[in-house]
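Two complexes come next, and they have one chain in common, chain A, joined by chain B in the first and chain C in the second.
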Partner chain A sequence: MSNLVSALDKATDSSGIAVIEEMGLQGMITLRGDLSAESVKIASTSVTGVEMPAQNMANHAGASGICWMSTDELLILCPYDGVADTLAKMHKLLGDTHSLAVDVSDARACLRVSGPNAREVMAKLAPVDLAPEGFSVGMFRRTRLAQVAAAFWIVDAQTFQIVCFRSNAQYVFDVLNVAAQSGSEVGFFK
Partner chain B sequence: MLILECPCCGITAEETEFHGGGEAHLKRFGPDSEDKDFENYLFMRENPKGVHFERWRHNNGCGKWFHAARCTMTLEVFGTYSAQTYEPPKALCDAISAKRPGWSWGAFS
Partner chain C sequence: MSTRLATGGRLLNKSKALNFSFNGTTLKGFEGDTLASALLANDQVLMGRSFKYHRPRGVVASGAEEPNGLVNLGEGGKFEPNQRVTTTELFDGLKAKSQNHWPSLEFDVGAVNAKLSRFMPAGFYYKMFIHPRSFWKHVYEPIIRHAAGLGAAPKDRDADTYEHFYAFCDVLIVGGGIAGLQAAKAAGATGAKVILVEQTAHLGGRAPVDGGMVKGQSVADFITATVADLEAMDNVTVRTRMMGSGVYDHGYVLGYERLTDHAPEMTGPRHRLWRIRAAQTITATGAIERPLSFAGNDIPGVMLASAVRDYAVNFGVSSGDRTVVVTNNDDAYRTAIALKHAGLDVPAILDARPAGTDSDLMTQAKALGIRIMMGHGIATVKGGKRVTGVEVCAQAGEGAVLEEIVCDAVAMSGGWSPVVHLWSHCGGKLTWDDTQASFRPDPNRPPLGDRGQAFVRAAGSANGETTLNAVLSDATACGAAAAKAAGFKSKAAKAPTADEPTERAMIPVWLMPQGAGYKLRSKTWLDYQNDVKVSDVQLAAQEGFTSVEHAKRYTTLGMATDQGKLSNINGLAILSDALNQPIPQTGTTTFRPPYTPISMGSIGGEARGDVFQPIRRTPMYDWHEANGADWEPVGQWRRPYAYVRDGETVHDAVMRETKNTRENLGLLDASTLGKLIVKGPDAGKFLDMMYTNMMSTLKVGKCRYGLMCSENGFLIDDGVVARVSEDKFLCHTTTGGAETIHGHMEEWLQTEWWDWDVYVANVTEQYAQVAVVGPNARKALEALGGMDLSAEALGFMEWADGTLGGFDVRAYRISFSGELSYEIAVPASQGQAFWDALVKVGADLGAMPYGTECLHILRAEKGFIMIGDETDGTVIPQDLGLHWAISKKKDDFLGKRAQQREHMVSDERWKLVGLETVDGSTLPDGAYAVGEGTNANGQRNMIGRVTSSYHSPNLDRGIAMGLVLHGPSRMGEVITFPGTDGKDYQAKIVNAVFYDPEGEKQNV
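Our next item is the complex of A and B:
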């Protein structure tokens, strides 16, 4: 079996005002279908162990979770080793419901921005109101980071997790490092 | 800069998160149609100073298409509405009438 590596093989840079790290392999399944259908709800909640998120929200428990991507799309997170099993389970639970569940783990990359200035670093790149009262734990946002599409949520007060396309991983890592270069604090959220 | 609210996911964002899709409410004329109709469909566009209706896509967000009504002169956004319709909703037309009395655009007014 080949040696599986993530997009940037867990690259880390802590030279700036926030720590930027690539998270390594993360299981991700795209599920499209009618989100109000009972079988879609059961298929996503039973394999992740978390509740169905509300619109523009996400629920997480460790490496598992459900992210609300759009009115007919969810991103199911699960441990990378268990993707095939999880997907098989989901297909069984979905039955003949009109839906689509596909393993996209190797098409995406996960990055993390952490530190007291994490919020500021993200705010420099995304056209999103990132004031603490505007964007809080549990919210999930698909938007852009500089020039590429990305989605992110808050893990805790000082940590953002980002999902982007694997082919954009190096760009996102680099642009985050530029936004986090030392001495570039703005102090807007203090 | 326009600030649009996506009627599909409810996110309000500025225009760089979206992508313009040209004029709204075009009626397609394809094969077997009159040359004149086909030409109109392909090339003829509204170019108003004032109220305008456009298609937009939330391409860095939920990925859905929707319609937006805005003013080309002041960049004021009157509202956004579902893509699954042939005409702007009455409430939106009334709101535009309150701000721009006597407006007309294509077949709408």
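Our next item is the complex of A and C:
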């Protein structure tokens, strides 16, 4: 539908030491269930085409992926316009298995922080070891950015992708820009 | 006079002169100067006035421990009080003003306090201000406020920005002196990730000033080589201008980095607060020289011997032409030697120790022709705003003057105290070292981590070592041990060896002369900043303040901004002497972070201005903003309180919206209401426990209003539950309750009913939800078209999925207003588009958006309760007449048993009623009703209170709800609510449903 608008309508700001972008709409499904159950694994992997991630990890392939959220929760990523189909497939594969799969695409916003200083900008807001040896591609964290909940992973060496609540999108965008203010390079990560 | 020397100044760039001003006078300094060295170079020895007596104060130290040299720094948005001149790096255009003087630094009226000092002893404030009471307001408070205090409070908004930074490492080293550098090298060699932080701009600490040879090279060259080695290690990070300010549990350490204080023209944040997690922390924080306690030791020009040496060597500044050195140890001889080498006069070294064999340093001093007077000390220092001479006496005597020496500076040394602050912050214990007469870290009682492991180690001077060799070998071992404790294999690290002069042992000197009488003791300062003298501490002991913590608070010793870095040990030695007990028995006061004051801005970090706190926005936020929303914070959400049009007051807007919704059509952004999906075979059973009503019997497609109580029976939330399918419910919560009720459900599922098959998900933000309310509600939705919303197709308290105007929607027919009302949920990303569509079709139907205050009035007109208004954590559903919503069929629900308690079933509980003022006015919200008589405290008895009160435009009168004693059985009675405006409000007890009691309007 043409009237679909993501939280910040793809706002972008590159005035500081990193580029901050709102990424537009991303399909997201919360799946709660026993992660060791075969049907839960199949429902997750077959719709995304990636392997089940280990604890604190995420696997991605383009707009699709599986993020480990907790011992009984996954975040399934898929293209936004494919959410209904994906959910239907998952429900079919889950069958009678006790589980909850629900569309949360519109409850969240996705942002990216990119550039050579992306790690430092993130490390100003998240209490996470973001040194290259401490946080690398494939890892996933549910944590906070300044005062709000957020989750993130690394897309490539210079790009972080963030998921936050939609209502907090403007705050996260603004606080990332504050953290990326000119002249605020830290020079800690080598 | 103090002046700039022709030679010396290893930290200066003499090719770059800088202008700065002090009290409006322009002065010159060099790049590399501190404000302290630049002021001394301009003969500005007098820098401020003391807190209590307004005594003249000059700089006494050269580092972070400085108690005296405090200034108001900067102007406007860059203004900051109490800045230490010793840690302020000079920059071009720096503006400083001295503090706590009136009318001027040179002539201070408040100095009369000093003349009265014998009438203002320890505990003066406590004793004086007890009686008479009225004096406090009219005499003491105004005068003391004017006379006491240090810097001025900033008036303008801080112009700078600040930030935090999270870092993780294996070994954190606090202190970039020779010990810290050596420890970093040893730890770094194991491959451990090392961060070293140094509070000043320079690495190496005071070793280059004190001299010596290491591995056959000068100590300065050795430091340069070590720094180069560290720079070559990828796993080692070295940061200067960064203080390790506090050590906390679990290896958490705060680092306070000052980025632009030395160069305000730089862009970027001013301070960065590093929040570091370190497996192991090494405190290589050095030692602080102690003053000696003799009469007049606070007169400007009396300085620590090490500071006098620092100013000469580091900054090429003489503190005076003729400097008398007074000491109880060998280290001060280095100062005398350095001054001689700089071409300055040292008339005498007064050494309190008895005559004996000469050490290397004593021999050197003698060879330079310096007169050494063993067994001597200072009876009193002459001078007012500046030292003019000293009267010499025997240390062993009572202060009989043997001779007077003319001088303009005194360099004193009472020995060295290891900086044990960071070691102590998290519980590291101290042990008394008799040889050095100081407390040092007890390696057997370190701060312990989660597994009982030591996580802080002290190295070098901070660990009580005093010689270059001992410092280097201690630091090497400490660095390797810390890395090993962090899980790295330590290679056999070999400490470099140093050549250094022999030193003769110090002897403790706590009072000079030993038998000083009261007259001398009352002029002998311990705490310069807070004006505490030897006589004050002795008085405190005499008056029974025998605990060091009590004596500290009684005398204010160590309570100033320097936290007693110079005064504590001397003070507790005096206290111990007065109590006739050894110093370790007296103990120390508690060391608490931060080590020196850190800026409030750095603590706040990025949280200021627009991002001071998160503001949650609904998908229609921008539309509300553009259409006159007067915002109301609801938790972190912002909701429109009302949409104010041109020429309207907020009240006007609320009245208009309330009338229009009843008469035409109102649109409310209800997106913030919590929406929790509860799914699973046991979902019905679970909701029966969560809610007071029966939810498991709800039919698919139907809605039911439910109440939620805590296990103590008190109402915590309410909302409409819709059954989506056999095993799936959608529970609406209040706006503020979404996260807490989600957590509440998870807690019960995870801890109590872990074997029930239920999952909960919070989908609050997945939907934009719009309440379409009023007589024209159905018409508006039908104009959008797409689904049957007739009374037959969608009855009251039913829901249906469908489309409206091309949007996929879920329509709930529910009402919080008593009007014909629908709540329509659409995906959040279409929220604005759907709102626009409604506004468009509503234009011909009298549609107006309405805010939260209108919502409140509409529900109050109907007697509907609001969580947070009618409830306050002490109210149970029965108080509110909600018995109909409490199932009697269920065996159990959260709160059921609590509601059977004696107090909960008492007839004396206040119950909900409507209140109607006799004259139609509006009752003050929160007002209490008074009954007959008074209680045990002589207060009027209370019989009820207002929980909600509004002016109803539809009834054109004030309406209110309240909890009243025996309320429901007192219908028609008039009770009195005294207002805070002095008026008594008379209100009649009525039914709480004021409007459309039959409910005809919503059932159409």
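Note that in this section the second predicted complex is superposed on the first by the 188 of 190 C-alpha atoms of A that agree within 3 Å, B and C clash if a C-alpha of one lies under 4 Å from a C-alpha of the other, contacts with A are read in each partner's own complex, and residues count from 1 in each chain.
Convention: contacts are C-beta pairs under 8 Å (C-beta built on N, C-alpha and C of every residue); 3 or more make two chains touch, one makes a residue touch a chain.
Bear in mind that the values here come from a model prediction, so they are computed numbers and not experimental data.
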Which of chain B and chain C A:69 touches, first, second, both or neither: first
Touching partner for A:56 - first (chain B), second (chain C), both, neither: first
Which of chain B and chain C A:142 touches, first, second, both or neither: first
Contact breadth on chain A, by residue count: chain C or chain B: C
Touched partner set for A:3, first chain B, second chain C, both or neither: second
Which superposed partner A:127 touches (first chain B, second chain C, both, neither): both
First, second, both or neither for A:39, with chain B first and chain C second: neither
Contacts of A:175 with chain B and chain C, given as first, second, both or neither: second
Interface residues of chain A shared between complexes with chain B and chain C: 127-128
Contact footprint of chain A on chain C as seen in their complex: 161, 163-168, 193, 234, 237, 266-269, 272, 275, 277, 605-607, 610-611, 613-619, 637, 677, 679-681, 757, 759-761, 763-767, 806, 827-830, 832-833
Residue numbers on chain A that touch chain C, as the complex places them: 1, 3-7, 25, 30, 32-33, 72, 98-100, 102-108, 120, 123-131, 134, 146-148, 165-171, 174-175, 178-179, 181-186, 188, 190
Touching residues (chain side chain A, partner chain B) in the complex: 55-56, 69-71, 73, 127-128, 141-144, 149
Residues of chain B that touch chain A when the two form their complex: 8-11, 13-14, 16-17, 59-64
